[in-house]
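Read through the structures below before going on.
Note that chain A is present in both complexes that follow, paired respectively with chain B and with chain C.
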Partner chain A sequence: MRQRERQLGALYALPLGLFLGLTFLAPILLVALFSIMPEKVFELTHMPDFSAYRVVLAQGYWKSVAWSLFLAALATAILLVVCWPLAYAMAKVFKRFTLVLTIGVVMTLFVSENIRLFGWVLTLMKGGLIEGYFRHWTGIGFDAPLYNVPVIVFGLVYVYLPFMLFPLAQGISMVPDDARQAAFDLGATRWQILREIELPLAMPGIMVGSLLTFVLAAGAMAESKLLGGRAVITIADEVQTAFTYGQNWPLGSALAMVLIAIIGSLAIWAISKADLDAMMGRKS
Partner chain B sequence: MKTSRLSSFLLLGYGIFILAFLYLPLVSVGLASVSKARYLSFPIRKYNTGWYGEALASDTVQSLLWISLKVAGIVTVSSMVIGFLGALAFARYSWRFRKGFQKLILLPIFFPQTVLGLALLMWFNALGIVPSWKTAIIAHLVWIAPIATLIVSIRAFSFDPSLEEAARDMGASQWQVLREVTIPLLMPGVVSAGLFAFLLSWGNFPLSLFTTGADSTLPEWLFAKMISGYSPLVPTVGMLTVAGSAVLVAAGLILAWALKRLRPTT
Partner chain C sequence: MTISRRSFTLGMGALGAAPLLRPGLARAARTDELNILCWEGYNTDDVLGPFRDLNPGATVRAESGTSDPDMINKLRAGEVKVWDLINLNQPWARGMLYPEGLIKPLDKERFMPFFEKMTPEYGSPPYPLAFAEDGELIGMPQRYGPFSFVVNTDKISRATAEEQGWKLFLDPAMAGRYGILTYDNWNLIHMCLTADLNPFKPLDEAGFAAFGDVAAQIFAGSKLMSDDLVAMNTALINGEIDAYFTGGTYTASPARLDGLTNIRGITPASGPIDGKGGVVWAELTSLVNNPDPSPLAPDFLEFVQQPEICKAVGFAEGTYNPVAQMGDPEVFAQWDEDELDAIQWDTLEEESANSVEYDSVADYDKLMEIYTSARRG
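So, the complex of A and B:
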C-alpha cells in the first residue's frame, strides 16, 4: 500500500515537475549564467567577468530597486489598512454578501491589468470621467492627478487588492469567536481586542497577504508606465529596457538576478515556513 | 459580542464602495467605447455603437481574437490534465519529495511575470526556437499550470482515500480506480481549474509580451495602442475582451448552480 502510494505520487508529479524544470528552473539558470558574461554578448561562450554587476552598482540602478521596494512596501501597508475592515466583515459579519464580494473581486482578476489601468487613465485624466463631469456641473476644472508617484501607489493598491483581501479574510476566519467574546466579557476595549486577540491570531493570513502583495508589487511595472507616466522607473522596467532597447542581455540578466534574489529569498523564506497540508485542510 | 446594526450597515456600505472602486475604471472604458467622438472627452455628447461594428469587422482584431482563443484554449486543456495529475501528487499520495514538490509549484506564482517572460525568451533563443503563439502557450503554462494544480488540490485534499482503497479491495485495477473513482470525484476541481486557466490566459499580458514573437494577443495589441496614443478602438476591443470573460464566468456560475440544484446531496 505505502509502496504503491510512493510510486504513484512520484509518477503523477512527473509531468508538472519535468515541465517546470525545463521551463522555469532552466531559464532562471540561463539568466544567472548570462548575468556574469561580459557586456553586450548574446552567447555564453565568453569568459565570465561579472562586469554587468559592476555596471548595476555604478550606474545608479539601485535607485530603481529602492523605489520598487519602497512603493511595494507602501502599497502593502495601505492595503493592510484598507482591506482589514472588509476582510473582517467577510469572515465574521456578512453572510450572503461575502459570496457576492468574492465573485465580484475575483472577476476583476480576469480582466487584463492593462485595461483596468487604462480605465483609470480615462477616469482621472483631464476631460476624463471625474474631471469632465465635475467641470460640466460646476464649471470648475482641475489638473489630472496623473503622472506622479502617489498615483503609482494608488495603481498598485488597486491592482493588488484581491491578493491582500482573500488571505486576510482567511486569516481572520481562523480567530475563534469565543476568544473575542471572552476578552470582551473581561472588559477589553475594541482596540485591545484588535491588538491582543485578533491581530496575533490572524497573523498567518496577514503574513501571506502582505508577502504576496509585496512580492507582486515589487516586480510590477504597468502601474508606473500607464498611470505614472514613468515618474519612477521600476526595476522590472529597467530589466525590460536593458533587454529590448539596450540590447544588453548580461546587464538585463544581472538586474533580473537582483530582483530574483530579493523576491526569491522572501518567497522561499515564506514558503518554507508554510505548511501547505495544514493550510489547505488535508484530512489524513 | 455581536456586531451592532450600525456597524454591520457601515461595513456593508464599505463593501459596496470597494466593489464600486474596483469596477469604476471599467465603467469609464465602457462609456468610452460607445462615445462617437474620435477624441474622447467626458461628458460624452453623442453615443454610438459604431466602433463595435468596426472592431468586429477589422481583420487585425479578428486575427488577434483567434490567436488569443487558440492560446487560451490549449492552455486550458493542458493545465486541466497537468493540474489533475499534479494535484494527486500534491495532495493525495504520500511520497518522498512531496513537500519539496509543493514548494516548487508555488515559486512560479510568486515570480515576476515580466522577468519570467524575458527569461523564457532567452531560453527559447538558446534552444533555437523561434517565438510565436506556440511558445506563448508554454510561457502561460509555467504560471497557470501551478495555479490549476493548486485549485484541483483543494478538491483533492477533501477527498476520502478510503474510497479508492475500497474500489481496489473489490478488485478494481489501477486504471479502473482512476476512471471510476478518482476522476469523477476530482472533476469539479478540474473544471474550475480549467475556467481559471482560460480566463487567466485570456487576460495575460506580461508573459505574452516577450514570448509571442511576431504574433500578438489581444492584451498585447491593446497595450501597444495605449502607449502609442488614443484610438477609439482601444476601449471597444477592451470591452469585447471583458465581455468574453464575463460570459464565461456567467456560464461557469450557472453550471455550478445547476449542478448543486440537481444533486443536492453532494
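So, the complex of A and C:
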C-alpha cells in the first residue's frame, strides 16, 4: 500500500515536474550548451570546443565578476544593518502600523525598477531636485553625487530593500519573546541577547534575505548603468554586450554560466545551512 | 456514394492531418497580417494608422528595437517566421542579414523609381549601399544623418569642435568634461577615427595598439557612460558635461527641437579616411525572408514613400532625422523652419560631404575585444 502511494505520488507529480523541467531547466541547459560552442556561432550543431571559457579567463572578465560580487556583498551587508531595526519593529513593535509599512514598501515594487532609478537620477543630477533647489536658494552649486561607485551601492540598497526586509521580519517574528525575557531575567546584556538569542533564532530569515538580495544584486546592471554612468561594468552588462554588440552568443553564455556557477554554489551552500522547515513555521 | 460512419471519420482524420503534411496549403497567404521590426518611428500611429485605414481587416503590428544587434538576434532566434519587414542600419543588412539569408531582395522594377525623387546623395546614383554585392536591391533607404559627436556650443564653439575634430577628446583639458554614448559599434568606429585609423579596412598590430591606447584614454577621461541619449543630452544641458563622444543629428535633435539649439551634432572638418573624419548612417528597410511572407510588406514599403508618411517617419516621437525622400519638393514642404533647424538642415549637406558612409567594421571582433577590455578598466 505504501509503495503504491509513493508511485501514485510520483505519477501525480510528473506533469508539474515535466513543466518545471522544461521552463526552468531547458533555458539554462540551452545557455550551457551554447557556452561550449566555438565562438561566434548561432547554432548548436557545431563541435564543442570550450573556447568561450578560454576567452573569459584570458580577457580579464574576472574584474567584472569581482566587481559584481563585491557590490552585491556590500549591498547585502548594508541592507542587513539597515533593515534589522525596521524588521524588528515590524515584527515586534509596530502592530497595525506594520501593515501600512508593508503596503508602502510593496507599492514601490509596482513601479518598474528603471523608472524608480530614473527618478533618483532626476533627484540627484546637477540642476535636479536637490542641487537645483539648493542653488536656487543659496546661489551655491555642487557636483552631482552620480556616476561613481557609492551611488551604485546606494541604488542596489534602494532597489533590493524589500527582498531583505520581509524575510528578516519573518525571521525575527520567530524569536520567542519568552526566550528574550528569560535571558534578561538571567542577567544577559542587550548585546548578549542580540548575539546569543536573537541572531541565531532569526538566522533562517537572515539567510533567506541575504541570499535573495545577494543573488539579485550580483546579476544587476541597471543601477550601474543609470546611476553609476557605467563607472563599473558589471558582469550582467558584459553578458548583454556579448549577446548584442559582440554578436558572440557562446561568450555571453559562458559568462552567464560562470555567474550561475558561482551564485548557484553559494545558494546551495546557504540553503543547506538554513532550516527552511523552521522558517516556514513547521516543526520537524 | 454512401457515407459510412467509418469512411466519414477516416475522411475527417485525413482532413485534419492534411495541414501537418502540407503546411503551405493549410496556411492561407498572410494577406491579413503584417509584422514590422523597426527603429522607433515606423511603429507610431501616424505611420501605422493610415496604413491600417488602407487595409481594413489586416492586423498591422510594429515593434521598436533598442539596438540593431538586438533586432538581428530576434531573427537569428527563429523569428524570421514572425516578421515581414526589418528596419535597421545598412551595414548590418549588407554585412550579416543578407549573406545569412535572413532578408531577401526587393523587386527592382517596383522600387527603383523611388530613388529618382531622393536627395542627390541617395538618388543619383541610387544609394550604392542599398545593394548587395551581387547587385540585388536589399532595402529601401529613408532616414539618415551624420553621426560623430555632440557639443554644447556655449562651452565649445562649433568652429573649434570641427577644427579639432576627434582630437578634442584626447585633450587633457577635456578630461572629466565629456560623456560617452555607449553605442558600442559606433564607439569602435569613432575611436578608430580618433586614432587616425580607418575602421573599415583591416588593421595591423600597430593599428590595434593605437586603438587600444585611444580607447583607454577616452574611457579614462569620460565622466559618464550611458547608452541612453536622453541621459547624455540632459547631462549636456545641465552642464555636467560639455560634449559627448558618439552622437549626431539623431541624438541632438530632440534637445534642439525643444529650443536648446546650443546642443549641436558636430562633423569633424578633416580626418583619416581620404581627409574625412565624420560618419553618416542610413537605415534600410528590408523584406524579412519569412517562409510564409505577407504581401502587405512590399505595399508598406511603397506606402512609406508618400510625403506625409515620410514626415511622420522622420519626425517620430523621440528623435528627429532627415529622410532621403526630402529631395522631392513635396516631401520637403512638410518640414517647418524650427524642424529644419532641429535636424541641422543648414549644414547637413556640408556635414554629409565631410563624412564617410557607415560601413561594416573590418576587424569588428578584435576591436570589440580591445574595447570591452579597455572599458572594464
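One rule holds for everything that comes next: the second predicted complex is superposed on the first by the 247 of 284 C-alpha atoms of A that agree within 3 Å, B and C clash if a C-alpha of one lies under 4 Å from a C-alpha of the other, contacts with A are read in each partner's own complex, and residues count from 1 in each chain.
Going forward, a residue touches a chain if its C-beta (ideal position, glycine included) is under 8 Å from a C-beta of that chain, and two chains touch if they have at least 3 such contacts.
Just so we're clear, the structure is a prediction, and the values are computed from it rather than from any experiment.
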{"item": "Which of chain B and chain C A:63 touches, first, second, both or neither", "value": "second"}
{"item": "Winner by number of chain A residues touched, once chain B and chain C are compared", "value": "B"}
{"item": "Partner chain in contact with A:127 - chain B first, chain C second, else both or neither", "value": "both"}
{"item": "Partner chain(s) touched by A:149 [first = chain B, second = chain C, both, neither]", "value": "neither"}
{"item": "Touched partner set for A:119, first chain B, second chain C, both or neither", "value": "first"}
{"item": "Which superposed partner A:199 touches (first chain B, second chain C, both, neither)", "value": "neither"}
{"item": "Which of chain B and chain C A:241 touches, first, second, both or neither", "value": "second"}
{"item": "Partner chain(s) touched by A:92 [first = chain B, second = chain C, both, neither]", "value": "first"}
{"item": "A:225 touches, of chain B and chain C: first, second, both or neither?", "value": "both"}
{"item": "Touching partner for A:73 - first (chain B), second (chain C), both, neither", "value": "neither"}
{"item": "Touching both chain B and chain C, residues of chain A", "value": "127-128, 225-226, 243"}
{"item": "Touching residues on chain A, where the partner in the complex is chain C", "value": "40, 42, 59-61, 63-64, 121, 125-128, 143-144, 146-147, 225-226, 229-231, 233, 238, 241, 243-248"}
{"item": "Contact set on chain A toward chain B in their complex", "value": "1-2, 5-17, 19-20, 23-24, 26-28, 30-31, 34, 44, 82, 85-86, 88-90, 92-94, 97, 101, 103-105, 107-120, 122-123, 127-129, 131-133, 136, 158, 161, 177, 180-181, 184, 193, 212, 215-216, 218-222, 225-226, 236, 239-240, 243, 249, 252-253, 256, 259-260, 263-264, 267-268, 271-272, 276-277, 280-284"}
{"item": "Residues of chain B defined as touching chain A within the complex", "value": "1, 3, 7-8, 11-12, 14-15, 18-19, 21-29, 31-32, 40-43, 81-83, 85-86, 88-98, 101-108, 110-116, 118-123, 126, 138-139, 141-142, 145-146, 149, 153-154, 157-161, 165, 199-200, 202-206, 210, 218-219, 222-223, 226-227, 234-235, 238, 241-242, 245-246, 249, 253"}
{"item": "For the chain C and chain A complex, residues of the former touching the latter", "value": "67, 69-70, 72-73, 76, 96, 179, 182, 184-185, 223-228, 231, 234-235, 237-240, 365, 368-369, 372-373, 375-377"}
